[in-house]
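Structures are listed in the sections that come next.
Next come two complexes, and both contain chain A; in the first it sits with chain B, in the second with chain C.
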Partner chain A sequence: MRNPWTRTGNYKTSYAQDTTIFATYSEQASLAVFLIGMLVLPQFLSRGDMQILDLILIYALAVLGLNIITGYAGLINIGHAAFLGVGAYTAALVAPYLPFWAVLPVSGLVAAAAGAVVGIPALRIKHLYLAIATLAFQLIFEWAVGHSPALEQGGAMAMPRVVFLGYKVGFKNHHYFWYYVTFVVLVVMAFGFRNLLRTRFGRSLVAVRDNDRAADAMGMDPGRTKVFAFALGAFYAGVAGALYAYWSRAVVIEDYSLMISIKFLAMAIVGGLGTLVGSFFGPAFLELLDINMETFSYWIKTIYNPPGVDVGSAIRPLAFGLAIVLFLIFEPRGLANWWRLLRSYFRNWPFKY
Partner chain B sequence: MSYFFQLLISGIVVGSVYALAALGFVLIYKASRVINFAHGHFIAIGAFTAYALAVGLGLSVWIAAAFALVFTAVVGYFTERVFLKPLVGQPIISVIMVTIGLASVFGGLIHLTPYGSGNFSLPGFLPEGGVSFAGISVSYPQLLAVVFTAVFLAAFGWFFQRSTVGIAMRAVADDQMASMSLGVSVEKVFALAWAAAGVTAAAAGLIVGAISGLNLEGLVGIGLKVFPVVILGGLDSIPGAVVGGIIIGLLENLAAGYLDAYIPGGGTGDVFPFLVLLLVLWFKPHGLFGTEEIERV
Partner chain C sequence: MKNKWTLWALAAVLAMGFAAAEKVHIMWSGAITGPTSDAGKYYAQGIEDYCSWANDTGYVSGVEFVCETRDDQYNNANTLRNFEEAVDRGDPVFLGYSTGGTLQLKPLVQEVGLPFIPASYHIGNIDPPDNDYIFLPIASYSEQVIAVLEYIAKVSPGAKVAMAIHPSPFGRAPVEDAKKAAKDLGIEIVEVQEMAKGLDYTATLKRFENKGVEYIVYQNVAGPVANMIKDAKRLGLGIKHAGAHYAGGPDLLRLAGDAAEGFLWVTAYYMPHEDNAAARFVKELGAKYGRPADTIESVHYPSGMLAAAIAIEAIKEAKDAGKKISSESVYQALLKMNWPNKLAVGPVTYSKDDHVGVDQLRVLEAKNGTFVPVTEPFSSELFRKVHYGK
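And then the complex of A and B:
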């Protein structure tokens, strides 16, 4: 008997059935439950928790973009925070004149243009050389912002308050409002991310990643594919940057520095490179680790606190670095792999295999 | 004109620091194709070990320096053994990320000591003043820096040309399979390359200590400046590291000396090397002396 709720009772009779995202009804149902859960979640959280949750979602959006560039296309990008920065500074410049729902795509498009420019060297160079080129872009971006009087030389540029349908977003509901905005944007863009690999362009991304010479011989254009990958990933980053600017109420260069770029790469790796769930697990894991290490360092201070040592600024990078190194050595496929194992355990239920 | 020569001199001095730092970087890349993002932290470890021994324990600066060289070599050796060895054969991004993670770990460990923030200077062990010639003055520390670099490079040159270990390292860089079949232990060579890189990094840190103060951010920053140097010189070329180092040092100082006046906020020297880096990548990706890779499907 055919049972569309579980894998075991399900057999496929057409190619279309084989390529669907949701193999069973229970997968659709669990997604629906998860989305509804995310919608009601803010009712149970304090403002402080909401702030962290917002940050995780915004970073998840940025990591989705990085996963297109680095995960799908295999182009190592050490300048992703600069793309966020381009989006954020665009938002700061246009926000006084546009409603916020128009600011987000505009920021994304400007960042995509920047991404395409950064991607141009990919026509000629690859691997390590390209990684170093993106590193140079990151440093040049930071320097350029730091020397632009129009951008307050990297100092704080205030973001205006938002009015939405006559509803003024104030201090109390700030994090709640941006949670819902980020959530909607994230769902739409994650949908796009998930379906990207089913498109012609997505397929050529993976082909170029695995062997660009072979892809070239098969009639794809590796150079153009790489530039588009950079532009698309930077679009995600730009939207995330605009959201970050609104969320933090001001644009400061420190939020878009090399350290943050490294953080995004670490999030992508810890979550699982090129996976959708990993883009959520990675930011959540590293942000929660960071916050817990901050509390942990207060405890350390009661034992070890010599003069001239800032334990807080020591423990956090230490834990961050260890997380990256240990994941790479023991679980290079990241948290997404644990998720996959967990799911496959339940997939064949009630049979063992 | 004397302004120009003054910039030239300080450019060469800074350049010799870059050359030493880049030398270690290239050694690692040549042997094991790993890009080491933690190189700036090796420089810091070497410099602060020497400082701790010289100031904390009151040892002579020369003995402290020798200890620092050895200690950083040991750190390099075990870094390769413990963290890089499990990743042999993994994709480039894993290897890059593990060195980035290590940089973070080393940074955290240095922050656990009192040297994480603030400025430190090695006790003066050279006479004040310097040599003056036709209105251009060179201080003794600057002179020492250049001489020290030259001696160090000569020693490394000898090591690679004549010693058995050095020849084995070149053989591995050339062809891993062939050298393995001739009885060279590739694993050992990888670890030795990291140890040698530790020595050169510590040497660079010591020179920074001699010509200016020590400061964690500044030392780590040298680790980033190494990138323009090695790209200009060629990622896998030892002479390239030296020539690239001197050129980048000169360009940085000349840019800072002549362009800062026109840029609000100054600091041209910090960004100029990276502009050069992008130009080199665009027009001559394998640098001045790098080997061009030929790829096949």
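And then the complex of A and C:
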């Protein structure tokens, strides 16, 4: 007998049932509780905590985009921060003339256009060669911004203060306001991400990733699929870039450097490549790890600080590298796999399947 | 009798309360690890030691400084987090670091009105807009480069000069002002070359040679500069080298060795081997707080000290004026500051229209493995004309 609240067996009899987002009512209910929890969460957090939470959500949006390109389509992208940067600089240019809610999609679309251009080499090359092409885009982006007087040559472009429904966003409410904006955007775009695999295009992404010749033989267009993947992933990054620009109040080239691209890849790997929850877990894990290691390194300094060797300061970057290496060795499927195991543990015994 | 003891106890508690020093937090956010940490770690140590010295000597009566040096890893998001934490805590002043981090924070610094003293001497930090609360400890990179061009024009009239700059706002900032100044000085800037982390500059140097370049002026950090001057020595070129504050110093001597001989360096700080009160003070503090020789030798150590010293002096002046220590009172004290400090070659002076602390600079030359001054402290004659049109 099928219980609509728990998974006690596999009762799926059609493709539509197999692709359903929510298998049980309890999944729907837990998501509703989670969303309500996230909406009331700012009531319990300080302004400083909100700043960190905002950053995690913005990075999560960017990592969702990276997961479309690298996770779903299997195209290694070392220039994702540049897509973020395209969105941020677009936001800085158009923000004086448009309301913020219009700036976000415009930034995403410009980044998507850049993504489509970067995706063109994917028509002919793949694997390491494509990775180098994305690296080239990252370097071209940094060079172009650095030599554009209209973009302050990489110096700061201040973002205008936002007034929403007569509500002026200032220092005290800045992170609260952008939390809700980012949260709404993230929920909408995460649903888009989740639904992607239920579409023909989404399934093409995975098919092309697994074997592009076989996908071609089955009537898919691998080249167009790859270009679309870059464009869509860059759209996510562009929106994230615009949010980051508003969040940080100014656009500076250093925030969109190669190091940030590598950080996004690390987040995607630690979270779990090609997974929705991994896109949240990765940024949250690495950002919170960094903050906690910062506290830990100061503590180490107070108890052990030999002259000439700054052990405390060394621990922090070491932890970042170590986390990535350990995940690659012991859990290449990332935190998303732990989440999967945790969920399966709570399925009703003895009816687990 | 019981009431008498109660009164005594109350009086003792009150006395202890009055005697307890007021804790004043000063936070620095900079790179102790990551890019530019070769400068940042010494800068942080300078801040820590000056604060310790101020506490140990009771420099500001009734105040205990709690100085935190935060490693932001040259990541602007971390800098922003640290800055906002300082604002939330009610710190009266904040010590910054990188050019990018400072430029990004400018609108926020203006909004919250917290005085900000960066380690970046980028002129854009104190140019409008949003420039009311940012104070440079010493003259800007633009002024430093123009000062060294003035020196070059004096010793080699009509010289051909190339600029080798860092590919960032930090590197590019002085270029336009330098070009204008060169025109006035009758020297020619034949090329501006961006240089990052190259390991071989043969092609660039040979091109400079073909263009008849006599001097290369660097606005960069010591690492790439050392690579280029070593290549110039290897190629046997007769080109002379000169640079702004972060391009030279003992770090360059350590990295470039013999190749640094003759390097002209402009800065506002004294060298530890000099026989003066500033050098003695730096060495004394370094020894007192157990710093190794490379820390004491580094110019970034007194640079960090000066940033902390300016902040502490402003707090002292605010307190001496009978005001509550706050961002506003420290800001007002900074605007009136005219302090003959013991760390740099000139006094720290600020006003509403002047947010540069030490206006004077010296040109030093690398001779026998050490930098020796070849000029007295001077202010650039042309900088204000070319940058502000005054």
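Heads up, the rule we're going with is that the second predicted complex is superposed on the first by the 324 of 353 C-alpha atoms of A that agree within 3 Å, B and C clash if a C-alpha of one lies under 4 Å from a C-alpha of the other, contacts with A are read in each partner's own complex, and residues count from 1 in each chain.
As a convention for this text, contacts are C-beta pairs under 8 Å (C-beta built on N, C-alpha and C of every residue); 3 or more make two chains touch, one makes a residue touch a chain.
The shown structure was predicted, so the numbers you read here are calculated from the model rather than taken from an experiment.
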Combined model on chain A: chain C and chain B, fit or clash: clash
Partner chain in contact with A:R213 - chain B first, chain C second, else both or neither: first
First, second, both or neither for A:L55, with chain B first and chain C second: second
Which superposed partner A:V277 touches (first chain B, second chain C, both, neither): neither
Partner chain in contact with A:S313 - chain B first, chain C second, else both or neither: both
Partner chain(s) touched by A:A266 [first = chain B, second = chain C, both, neither]: first
First, second, both or neither for A:E294, with chain B first and chain C second: second
Which partner reaches more residues of chain A (counting touched residues only), chain B or chain C: B
Touched partner set for A:Q153, first chain B, second chain C, both or neither: both
Contacts of A:A250 with chain B and chain C, given as first, second, both or neither: second
Superposed model, chain C segment overlapping chain B, candidates 59-67, 203-211 or 311-319: 203-211
Common interface residues of chain A - those touching chain B in one complex and chain C in the other: 143, 146, 153, 307-308, 310, 313-314, 316-317
Interface residues, chain B side, partner chain A - complex: 35, 83, 86-87, 90, 92-94, 96-98, 100-114, 116-118, 224, 227-228, 231, 235, 263-265, 267, 270-271, 274-275, 277-278, 281-282, 285, 295-297
In the complex, chain C residues that touch chain A: 32-34, 41, 70-71, 73-74, 76-77, 80-81, 84-85, 87-88, 98-101, 103-108, 111-112, 124, 129-130, 167-169, 172, 194, 290-292
For the chain A and chain C complex, residues of the former touching the latter: 46-48, 51-52, 55, 143, 146, 152-156, 158-159, 170-171, 248-250, 252-255, 294, 297, 307-308, 310, 313-314, 316-317
In the complex, chain A residues that touch chain B: 70, 74, 76, 121, 124-125, 127-129, 131-133, 135-137, 139-140, 143-144, 146-147, 149, 153, 211, 213-214, 217, 262, 265-266, 269, 273, 304, 306-311, 313-325, 328-329, 332
